[in-house]
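Got a structure for you, questions after.
Residue numbering begins at 1 within each chain, and the chains themselves are lettered A, B and C in the order written.
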Amino acid sequence: MNALRDKFYLASGYASGLCIVLIMLIILAQVVGRFFGFIVPSAEDFSGYALAAATFFGLAYTFHEGGHIRVTLVIQKWSKRARYRQELVVLVFALALTSFIAYYSWHMIWESYVFEEVSYGYIPVPLWIPQIPVGLGSLALTIAVLDDLILLLIGKEPSYMPHEGEITMEEL
Amino acid sequence: ATKWHMPTPYGDANLPTQIAHQFAEEIKTGTGGELDITVHSGASLVKHPEIPRAVRTGQVQMGEVFIGIMGNTHPVFKHDNIPFLATNFEDSEKLWKAAKPEIEKQLDKEGMVLLYTVPWPAQSLYTKAPVSKLADLQGLKMRAYSPSTSRLADLMNTTPTTVQVPEIPQAFSTGIIDAMITSPSTGVNGQAWDYLSHYTDVKAWIPKNVVVVNKRAFRRLDKETQQVILTAAANAEEKGWNGVRAQATKDTATLAQNGITVTEPSPELMTELQKIGEIMIKEWKEEAPEEVGAILNQFYQ
Amino acid sequence: MEIALVSIILAAAMLLMLAAGVWVSLALVGVGALGLYLSGNDQIGLLFATSSWGASTGWALTALPMFIWMGEVLFRTRLSEDLFKGLAPWLGGLPGKLLHVNVLSCGIFAAVSGSSAATAATIGRMTLPELKAQGYSDRMAVGTLAGSGTLGLLIPPSIILIVYGVAAEVSIGRLFIAGALPGLMLVTLFMGYTMIWAMFNKSELPQHDAEQISLGAKIKALRKLIPIVGLIGFVLGSIYGGLTTPTEAAALGVFGALILAAASGSLSRSSFMESLLGAVKSSCMIGLILVGAHFLTLSMGFLGIPKALAEWIGTLALSPFELLIYLTVLFVALGCFLDGISVVVLTVAVVLPMVAQANIDLLWFGIYIVLVVEMSQITPPVGFNLFVIQALTGKDILYVARAALPFFLLILAAILLISWFPEIVTYLPTTMTQR
């Protein structure tokens, strides 16, 4: 079970990383193309889509790693009992918001598909295709939040907590 | 009172946005304050590419878009972006009359009702050196931002090059591009004299913005209010066609005052460009023979 | 509902959520949704989807993950160490010594990058670990970085100047030239403050014996800077040589950094993956905050809060100087809750006519706006430099904001200076573009 979870979060991170590499390649192709006098059609559109995919694919990994930031200065002095309740409330609230985000992302994809929406740029791309990563990524984020809520409820520490306050530079 | 929202893509200094403000004001007065439309200019509420979707799905009730931005949805939305089809305002008005029924039909399919349109000044050629024949452009890098501008650049024996609007000044200064086709207004707004020297008034095409309303939101209004909107729309359309003529003259003069050499195109250049226009009109027709054919027949009558 | 009451409810909701430990990005989405709900909107979900798709596919934003990745790559090479070894002999005599590396390298990197978050992320990734290892005050290391990261916006190229130039119809080329002198002035102010601080806080600096370094050794040390100066020169050269636009230059920067890392033998499969996952963590964090900030901006647009505030100022019939004071207060207040670009986009339509009517030069006003927006980058609760540095150091936003406070005040001083001496802004553009 734990192995599967690790794979899930790593997949989220790698998918996002791949899209970042893709952005670099698309833009480099455009620069090289300009130098040699050919156009990479819709390069702006495609790098924009890759950016959306990079952002959303990696949300779950980032959440799991404690990468999404929050203010801990107020809550860090609270008692253990108060902290438990606070984390519970915050995680339930986060679950509600991420479900909202995921639901409406898929709603948007469905609409783009039904109305056959296309991009306005060089190549008419059916918009539901580049929107799929947004839906998948926000769904994965919802699962990641749910995962931590369950951890908290069974008395374990949510995965993002040990990473918070961890000073990245101390990796040295 | 009912509160409506109307996102527009361009800033307050532009003619279409000024007309939009007057349009909203006229409706507010006409309905005794019952319908209050807030104009959100400069894409401050919704980004330009998202405006058609926002209106269609009722996220906002009204919106303004550049017609060409919907060109991938159906070829009829490209009618005002075809080079050398309609190159003066009279022809352009005639073309709009011919295209309007098709555009209304397509918008209706998308759940939108057409209210009015505002033309831009004609798109002409900006360069760093004088141009009297097509050969003067040979091998230059020309800005392209759509399949048709790219095809045009190809046919003009230039290299199509993609550059986003905000980066145009830098791109000209550093030699990423040497030529572009755009309106005198865009040249004035971007202070084109900072980075180029010649403007050849070829008047390649006259693009337009269109203002649309969500069909459901419109039908929910009583007949009286609908009539107020339609009257205000008719007034706005008239203001647009009159205003743009003055705007074009004024902006072209501003270019000249700031040191850009403004010239009428030579007959030789125009003959060469018209030939390119014929090719592109033919290619446009092939995209949707029925609808485009109907527009062209009506236009050439 | 009364617009003032709605504003107070939203600000209170935001502070409550953030204090309770809700993630910043989700708090922004929550407040945005609450705002739309209070305005009686029934399309909240659809509006969220539309705005988040628009916000996350922005072509100009692609530069951000590129620069963040570049920082991650450079951090894993010897280049960051070399940056210090090259500069240390030269800065040894200045009070505050290596703290100036933050200011100077941010200033140099700002000439390549158009955003302040990217500048802080790239430079901070290299300098913060090293400054800590050498025993410099954490607070001052963080403060100088937060402050000088904002130079990314002022020193050309700059995203915010492009946004303003398009909205105000001021030549972007002139705006870029106008930003150069104020940028240098800010570097000077930051370094001056660091020196004064160092003289009064000797205990918070590493204690070295003052060693005499010969000029020859100093020049020899400069050789260590060749790779990094070469990289920046390569990117700048490609912009001004007409190969790339400033936005695309970021991709070239990563590519160059990867080649440098490979050439110096510090690029392995695992370090490549680590750098990429590091970039994923930072870019996803910032990406989701941008999505939330964009949604909140949309909600504010529907409610009309920024516009109402700006219109209220317009009714006061102020003198130009008073107008600037009121606008500064307005922008700082809005800048606490919205990101800088949103503040400009939401208010520019109302503010620009007032400014033009008061006979304030729109070119000058562009630089003024950049300085104000820079301040908003380091004010809590919503400040992108604070977010980046929290992610880099694990220190809380409020700690970073306190550390950055002196630099906030220095930017305010810069605004006063350009108000008294507008020539700081207008001198270069008027002399350089005359024909």
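In this section, a contact is a pair of C-beta atoms (placed from the backbone, for glycine too) under 8 Å apart; a residue touches a chain by one contact, two chains touch by 3 or more.
Because the structure is predicted, anything quoted here is derived from the model rather than measured.
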Farthest chain (mean CA position) relative to chain C: B
Of A-B and B-C, pair with higher C-beta contact tally: B-C
Centroid spacing, where centroids are CA-atom means, of chain A and chain C in whole angstrom: 23
Distance from the mean Cα position of chain B to that of chain A, given in whole angstrom: 37
Where chain C touches two or more other chains, by residue: 46, 50, 53, 59, 243-244
Of all residues in chain B, the ones touching two or more other chains: 49, 53, 57, 164, 176
Residues of chain A whose C-beta touches two or more other chains: 30, 34, 44
In the complex with chain B, residue positions of chain A that touch it: 30, 34, 37, 39-40, 43-44, 111, 115, 117-122, 124
Chain B-facing residues of chain C, complex: 43, 46-47, 50-51, 53-54, 59-60, 157, 162-163, 165-174, 176, 239-247, 298, 301-302, 304, 345-346, 348-349, 352-353, 433, 435
Residues of chain B that touch chain A when the two form their complex: 49, 53, 56-57, 69-73, 110, 141, 144, 146-147, 150, 159-162, 164, 176
For the chain A and chain C complex, residues of the former touching the latter: 13-14, 16-17, 20-21, 23-24, 27-28, 30-31, 34-35, 44-45, 47-52, 54-56, 58-59, 61-62, 65, 67-75, 86-87, 89-90, 93-94, 97-98, 100-101, 103-105, 107-108, 130-131, 134, 164-169, 172
Sites on chain B touched by chain C in the complex: 5, 11-13, 38, 40-47, 49-50, 53-54, 57-59, 163-167, 169-171, 173-176, 189-191, 194-195, 259
